[in-house]
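Each structure below is given as structure tokens.
Both of the next two complexes hold chain A, though its partner changes from chain B to chain C.
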Partner chain A sequence: MTAATLPRVPGNRDPRVSRGRRVAGSPALRLIVKRVLMAIPIIIGVTILASWVLSLIPGNAAQQLLGPQATPEDIALLEEQLGLNESGVSRYLDWLGGAVTGDLGQSVVSGQEVSDLLAERLPVSGELVGLAFVVSLLVALPVALFAAHRPNGVFDRISMVISTVGLSVANYVLALILVLIFAVQLGWLPAIGYTPLSEGLWANLEGMILPSAAIGIPLFCFYTRFLRGDLVDQMQQEEYVTTARAKGVGSWQVLLRHAFRNSSFGLITVVGLNLGALIGGTVIVESIFALPGIGQMLLQAINTRDFIVVQAVVVVFAVVAVVANLIVDLLYVLLDPRIRYGSR
Partner chain B sequence: MRRLSKLAPLLAVAMVLAACGSDDDGGGTSEGGGGASAGEPQAGGEMTVLEDTAFTGSWPAGLDPATNTTGGANLPMMQSIYGGLFLLRSDDDGSNAAVEGNQAESGELSEDGTVFTVKLREGIEFSDGTPMDAEAVKLNWERALASPCTCKPTWPLAPDGIAVVDPTTLTLTFTQPYAAVSASFPTSNVNWIASPTALEKQGPDDFKINPVGAGPFKVVSNQLSSELVLEKNETYFEEGQPYLDKLTFQSIGGDQAAYQALQAGQAQAYEGLNTTPLLEQAQDNDQLQVSIQAATSPYVIQLNTKTGPFTDPKAREAIYAATDFEAINEGIFGGRYEVSQGFTAPGGLFYEQEVDGYPEFDPDHAKELVDELGGLTVKLGTISNYVATQINTALQTQWEEAGIDVEIEDYQLSTLIQQFTGGQWQAMLQTAGAWDPASGVGVGFRFGSRSPFSGVSDPELDQLLADAASSIDEDERGDLYQQAAELIASKFYAPFGLAFAPANISVKGVHGPGLTTVIPAALVNSQVIWDEVWMEQ
Partner chain C sequence: MAVADTPISVTDHPGLEHGHEEEPRRGKWRQSLGTWIPAGMIALILLACVFGPLVLPEPTGGSVLESNLPALSPGHLLGTDPNGNDILSRLLNGGRASLFIAAAVNVLGLVVGGTLGALSGYVGGAVDTTIMRLLDVLIAFPSLVLTLAVAQALGPSITNTILALAFFSIPAFARVARSAVLRLREMPFMAAAQISGTSTGRILFRHLAPNIAPQLITFGMLGMGIVIIIEGALSFLGLGVPDPAPSWGNMVATGQLSLSATPMLVVWPSLALLITVLSFNLLGENLRSRWSGR
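Let's look at the complex of A and B:
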């Protein structure tokens, strides 16, 4: 029996196959390599699409910056100063040539290095999205489990009302309501502004609580409803649940050890898909809370048709989406033995 | 120029949230308060001022006067860093406005109106310790005039028209008399003088982020279109000023978010409030003071006489007869603003509310005219902002009552420009005029034959406006502008409307010219004089 035909289950490895070859042949590594290779055309495609969409919006950077009183002569002069006389394709190829060597270029409007701008603003958005994501997920899990434990019970109904309301309110409205309650009426938290982590953990966190809640609350509601629904389906319809119950396993144990494990697949998929929307939510929320993140930067760059900055932010968004989906796939591998040890 | 209409849905909830958030005790309204009665200014304190991301709070090209292409919107930042050669000042209620020397000691126009002599104050230094002399001013003017920014002045400058006479004196020589020269300074880039030494040392790219001027404040940090932190310039030429130790301009996404941040105590002032329900709430809030600025640019319905239905004077007359701006002012704005019949407004020079021969509102006459025309269909556009779209909706209702079919549309800035340059537009709600009608883009921008943003081609009107801009006799200028307004009315070129101006709101205990008192807007927004802003300690 050769190494290739050995059943690949733990404890039954062929000692003649080196560790290096085993790692190289692992499903996780193959998946990572495949996804990284696939990410390259995806990211290039996204930047082409972004470039094309931006070209469809009326007006260029010169017209946007100079406003309605600008004469054609002023616009022509600024176009020349900003290097907008070249064709869109030519500018895109120039940008791409630089980007593949790690040079993201300079803002058309301000002349600042885009890599410096990203370094300055990415931590703000990263913290905002990270907090919203982690907290919403951590709160959603126990709430969904409790709700699914007694479907249509008091807790389930209360959580359903809260989730429905949370899902119905746009995050910019929610942001204003949160500010009204916690900043204006109660005075507990700041309404605007960002304090870097270097100036103190609490100073930093207190400024991020409301913005991350504005993004995180709709997420929490969505995760809660999704997971609760899936858990209830599992508990009511799946034979393995009936079998476990027949063996005398307690309802919490069935819920946590059996149903939740299966339901987590759907949740992971949804979380992965949601991450893109999560980043999109930063655009408005950062404007309302005056946070200097990449969402605010993207909005300003679109308004001024700053092609280079828009491309950089789009690349960041695309990379995050690709990495998020890769992590989701790796979690599948980790959680599901059928994938982990599936046949080649 | 309000670009952030993406946040327009916020306005839908503005009334509800504002109502929930106000400390309404039915009083405490303060308009233009806090000026003369505020007592002696006190030094010290730190202040955060909010600016709307869609306009003043957007400085994407940096703050170098020669390369800041949005300088006309960024008056607060530019005045704080550079001070200004001349400033528009007025009494606390906005009356008796006049351009006065600041870093310039004086500005004198020759009798024939072709030479303007600027005398600088002695001994002024930039915050880097280098002298702000005539050579520095000349270099700045040359850079500013080469800028594509619409905030550069439209001087009829002679070749080599800028001359240094001595270290504190310069002259500007014009090809024709130009009476509006001093009025052209306060909001244009020639008013802001940057340190040539710092510019050379840093290079233009770094200088636009960390500019150095001779104004009341120095730059501590500058995150473009996000946050500008300034500290007191200890070497400022005015003894004891500025009063504030630190001044921060924070960009924020719209009126509602700014209003709530003020209520929460996160900032002390907000410039340029437009949303009427919030304005009413702020006036009822005893923690806030409101200063409605003096309008200088009334709304106007431009009619394109070059193509489409308005080539026919009867169609234009029907629009005049169908339009009732008084009702719009009462119905939407609580009668808060004055309705002008010409391009002058209460805060500006040569203001005359009424124009002889201005067609009256007469819906029956409008219906007759529409019948005679065999029907009238109009596409009415405007820029996407709260006030303009509210007015357009009201106009649509009024015109449809007169039997006119109306399609309204609001445009983003770039699309609006395309509408004008494409030449096929029919009617546009815009603003026209300035504190001095000849300064900046002036009235000619909306009514001149050669302007791409005009719907009129009338040599007689061109001549009247040109004569008014060049005359150095103030009475004669006033007469000529009134004649121009009468000509516009008699030819039914464009009905004028309410003279709207945004408001500044601040927390109690803050005082300062333009912030808690009224200074007319030289162009779009009024200028706060930040050197003199102070907080009760």
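Let's look at the complex of A and C:
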């Protein structure tokens, strides 16, 4: 590409540098590429760790399938058929080779393709976590802003007491309390079970409200506390707040336009770190509410020693955690000009 | 992933940076009250869990003749469960197990994770990268999967629960220690120690350790609450403290089976969990606001 064919670029960029090199040289893109490259060894490390940890578990799927009465010969035969007697390293490499090309293997117990199982289960967990996450964040934002607007006011104190207590409740306890109140006592919502979306939106949501509340309420408490604390810090200590106030900017304006903008970085970080833990939390809530999601599949797979399924779930969890952090980094780039222009 | 590498001043652990403002109007006595009330609660719970089981009936092997007694029955303050076991006794014995596991996990995490993190932050370079990337793998690894797998692999028992949960607390402590050391590294006393030829080990344990200890211990208080909850989750799934020995988690799990008929079986251990975790959280928060010097 010659300089003459290049479109006119605004600003003072050197037109002799090709567009490709200019994009490659952008600090934001470099940062993103660096992060993606860093994520790959982490995910591979997680899968190695997973297959090592799983190899420590006594018993295998052949024994579980045949039951305690099986003769050693039968077990040996089935192990042969299922390919369980190869060495751990070669099985891992086989699996990795397949996984890279999108083939996650077949469940040893049900014979189903693992990718089909994931396609069936992931939407359930995704809906659960997505609902909990979005609703808790949407509620936490105004509550934290109102609380930080008048620190130590009545609203602030009440919301802090609630969120402190809420953070100390285990999600399985919360789940049972919710069931006790809304399903057993009041009978408003079903205690367990899942209805697919194809049978109507309300039927589906009805079964999702309690489980996502069990995940979402502690999350809401966490976000509220965090954001409120950060906002109050900004308002009390930062010089730009003093400047804005001295200029005569209204208190809500300072809070929303100045403090909140800065606090949003901390919040994004926390949200990103949290998202990985969040999907892990589905295991227990799905088992309480009998939701056919990925967490329940994981528990079943561990119990039946269906390690290829466990491996796949671990990868999904790790990818979610890593991608969440990637998105956090991307948001930094979008929000913070200091990173965008690579001043550091 | 290494959020700490981004050029934005966020501390390494999210739990450590919110809500630590201290209002200027608030008197000193109120702050010390905020420390002593939860500390007193914890002391009370500890005493009850250590000495209570000595005077109460055995937590297991009750007679069916005494099953499902209501609260305030003679000899059974909180009544009995369907197996005729004294609920208060199970509660205190369960608490003993939970607190012991939580304390052991946090001590392990503090010592191992703290050392790794401090070493990583102080030495820097390739050591730092190696340690932190390995810990990143542990952090990206879904903690519950790891603990489930370890519990399954080694069989449910108190020792194995501690080992499984330690895997999960070590990276967290390491990150806290590392970010604290990174801040201390630039201090004049560090330069003084290095110039006077102090060995790395001595700098780590004599100069850095006392300075990061308050932060680590504060984090440990918050960690107690987290571990008690996760231990409860493991026991709830039948992979922690093995039945019939009581723990708060497995009491909630067995109580869940008859939730509509005898809700109190779930309520008591849930309350115990809530009060204990809340006390540790309040104490941790309060200590943190003290160390942050406001």
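Brief remarks on what is shown
Throughout what follows, the second predicted complex is superposed on the first by the 285 of 344 C-alpha atoms of A that agree within 3 Å, B and C clash if a C-alpha of one lies under 4 Å from a C-alpha of the other, contacts with A are read in each partner's own complex, and residues count from 1 in each chain.
Basically, a residue touches a chain if its C-beta (ideal position, glycine included) is under 8 Å from a C-beta of that chain, and two chains touch if they have at least 3 such contacts.
Quick caveat, the model's predicted, so the values are computed rather than measured.
In the overlay built on the shared chain, the residue A:Ile57 is in contact with chain B and with chain C. In the superposition on chain A, A:Ser287 makes contact with both chain B and chain C.
Contacts of A:Gly102 after superposition on the shared chain: neither chain B nor chain C is touched. When the shared chain is aligned, chain B and chain C each come close enough to touch A:Ala170. Touch criterion met: A:Pro190 reaches chain B, while chain C stays clear of it. Contact with chain B, but none with chain C, is seen for A:Thr304 once the two complexes are overlaid on the shared chain. Applying the stated contact rule after C-alpha superposition, one finds that A:Gly248 touches neither chain B nor chain C. Look at A:Asp336: by the touch rule set out above, it reaches chain C but stays clear of chain B.
Between chain B and chain C, it is C that contacts the larger number of residues in chain A. When the two structures are aligned on the shared chain, A:Val270 is found in touch with chain C, with no touch to chain B.
Residues 57-58, 170, 172-173, 176-177, 179-180, 184, 284, 287-288, 299 of chain A touch chain B in one complex and chain C in the other.
On the chain C side of its complex with chain A, the touching residues are 1-3, 6-8, 10, 14, 17-21, 23, 133-134, 136-146, 148-150, 152-154, 225, 229, 232-233, 236-237, 249, 252, 256, 259-260, 263, 266, 270, 273-274, 277-278, 281-282, 285.
Looking at the complex, you find that chain A touches chain B at residues 57-59, 62-72, 74-75, 77-78, 81, 109-112, 120, 170, 172-173, 175-177, 179-180, 183-185, 187, 190-193, 284, 287-290, 292, 296, 299-300, 303-304, 306. Considering their complex, residues 1, 3-4, 6-7, 9-10, 13, 17, 20-21, 50, 53, 58, 60-62, 69-70, 72, 148-150, 204-205, 208-209, 223-227, 250-254, 256-257, 260-261, 263-267, 383, 412-418, 420-421, 440-441, 445, 452-453 of chain B touch chain A. Interface residues of chain A, counted against chain C in their complex, comprise 35, 38-39, 41-43, 45-46, 49-50, 53-54, 56-58, 151-152, 160, 164-165, 167-170, 172-173, 176-177, 179-180, 184, 225-230, 232-233, 236, 265-266, 269-270, 272-274, 276-277, 279-281, 283-284, 287-288, 298-299, 302, 310, 313-314, 317-318, 321-322, 325-326, 328-329, 332, 336, 338-339, 344.
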